[in-house]
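Two complexes come next, and they have one chain in common, chain A, joined by chain B in the first and chain C in the second.
Let's turn to the complex of A and B:
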């Protein structure tokens, strides 16, 4: 049985519902990804390319090519990788993979929790077409990554490569330290959360 | 496992933030990598647009160009060229169609019809395009028969000026 804890989510109709944050990505989660997420992500990706062709700045669906089944197959049994899922309303609302083998750039030599992948279901992302069905998803997963770093003994240190449309959250909201574009990782901007920031974040976010 | 639920106050703040910020991390879609193969097509298939996708793919192969090289030569986003070839139903902007038509010396009117940019399609073009699509496949290299078929179809399209 997967470990979990309850999380509350705001539905688009204004009511709060109970969801759950699980350790592990199940076969059901993968089926939800393939049958529910993927067609919408492909459509988002197609529209983003068309908008970019018109000169607009749009990064929607930048993760449309991610194959979560492959990620799970490759990482199940790897003790350095942990998988997390948010479920609500009978569907998978968010997915995350984290790795424990990386080291900090802020404090060289110290372990950190590296967020390898994190994504919200396409219907939970901000869009001009429809209100987000459930919020928050990404924030809960990133908070969980910080908590996992604390639980692993990494003092809350978290590192990640942000997709282009998400840098604002890491930079403006979490004030993570930016190390700029990483030439070894598709030139995506690398961010790191310090021990002090992590502890403050968990303190102010917990009951 | 860390199991501390967030406070209601934090949740309210996070709910507001997610209206403003996208939150994701990982790796971005890259043209010319295995991402190409992972990007699946989900649109309904139109035979004329399928012929257009095959024509664009086979002409590029015949010119011995990768998607990135063609993108550079005609100054068009590589992602668009990838979708033109692999995502039947994708409608490229007219500017891209103009560049492709000029590069491959194909009449612009025929190119826009095949790409699905206009609804009024020449029946002769439609019939021949569908036959071309039925007989062609997208290989890394064109066989002699495919090259012959491609040349014949390109000539027919060029004659439609």
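Let's turn to the complex of A and C:
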């Protein structure tokens, strides 16, 4: 049985709904991804390609090619990887994979929690078409990554490579330190949260 | 589970715990994760290299 703890999510009508953050990604979560998320992500990606062709800056659906079933198959049984899921309203609202064997660039030699993949369901993302159904999925998952880093003994250090459309969140909202595009990781920008920034984030979330 | 380590081994565990700021449990958990990761990648036919300051690579031969 998967361990879980309760989370509260803000609905688009301003009311709150109870959800759960689970350790592990279940077969049901994968079916939700394939049947509910994927068609919407593919549509978002198609629209983003059209908008970019018109000269607009749009990275919606940049993760549409992520194959969560494959990720789960490859990492189940791997002690260095932990999987997390947010569920609410009978559906999968967010997914995250983290790795525990990466090292810090801010403090070379020290361990950190590396967020390998993190994704909110397409209906929970900012969009001009419709309000987010539940939020803040991404923030809750990243906050959970910070908590997991603390529990692992990594003092809250978190690192990740960001897709182009999410860099603002990590840079502006979390004030993570940017190390610029990483040529060893598809030129995605690498960000890291220091121990001090993690403590600041925990203080903010406990208010 | 009880681990029987001799004095020299315990010295290394304690030194690494201090260096990494980890508890003994967290340190041994990391050791197991790294050991499994290396084993899995070697089993897939990958090789493990170290690179020195002059960018010279040396393959780590695992027994």
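Please note the rule applied: the second predicted complex is superposed on the first by the 206 of 207 C-alpha atoms of A that agree within 3 Å, B and C clash if a C-alpha of one lies under 4 Å from a C-alpha of the other, contacts with A are read in each partner's own complex, and residues count from 1 in each chain.
Quick note on the criterion: contacts are C-beta pairs under 8 Å (C-beta built on N, C-alpha and C of every residue); 3 or more make two chains touch, one makes a residue touch a chain.
Just so it is clear, the model here is predicted, and its values are computed rather than measured.
A.B. asks: Which holds for A:197: it touches chain B only (first), chain C only (second), both, or neither?
C.D. replies: The answer is neither, since A:197 touches no partner chain.
A.B. asks: Output check: A:132 vs chain B and chain C. Expected answer is one of first, second, both, neither. What do you get?
C.D. replies: first
A.B. asks: Which partner chains sit in contact with A:80 here, chain B, chain C, both or neither? Use first/second/both/neither.
C.D. replies: The second partner, chain C, only.
A.B. asks: So, A:54: does it touch chain B (first), chain C (second), both, or neither?
C.D. replies: After superposing on A, A:54 lies in contact with chain B but is clear of chain C.
A.B. asks: Does chain C touch more residues of chain A than chain B does, or is it the other way round?
C.D. replies: Touched residues of chain A are more numerous for B.
A.B. asks: Thinking of the overlay built on chain A, is A:110 touched by chain B (first), by chain C (second), by both, or by neither?
C.D. replies: second
A.B. asks: Which of the two partners, first being chain B and second being chain C, lies in contact with A:100: first, second, both, or neither?
C.D. replies: second
A.B. asks: With the two complexes superposed on chain A, say which partner A:62 touches: chain B (first), chain C (second), both, or neither.
C.D. replies: first
A.B. asks: Please identify the positions on chain A that touch both chain B and chain C, taking each partner from its own complex.
C.D. replies: Touching chain B in the first complex and chain C in the second, no residue of chain A appears in both lists.
A.B. asks: In the complex of these two chains, what residues of chain B are touching chain A?
C.D. replies: That would be residues 1-8, 10-11, 14-15, 17-30, 35, 38-43, 77, 79-80, 83, 87, 90-93, 95-96 of chain B.
A.B. asks: Which part of chain A faces chain B closely enough to touch in the complex?
C.D. replies: 3, 5-8, 10, 23, 38-39, 42-43, 45-46, 49-50, 52-54, 59, 61-67, 115-120, 124-126, 132, 135-144, 147-148, 150-151, 160-166, 168-169, 172-173, 185-186, 188, 202, 204-207
A.B. asks: Quick one: which bits of chain C touch chain A in the complex? Just the residue numbers, please.
C.D. replies: Touching chain A from chain C are residues 19-23, 26, 29-30, 32-34, 36-37, 40.
A.B. asks: If we count contacts the way the header does, which residues on chain A are in touch with chain C in the complex?
C.D. replies: 78-80, 100-101, 109-111, 152-153, 155
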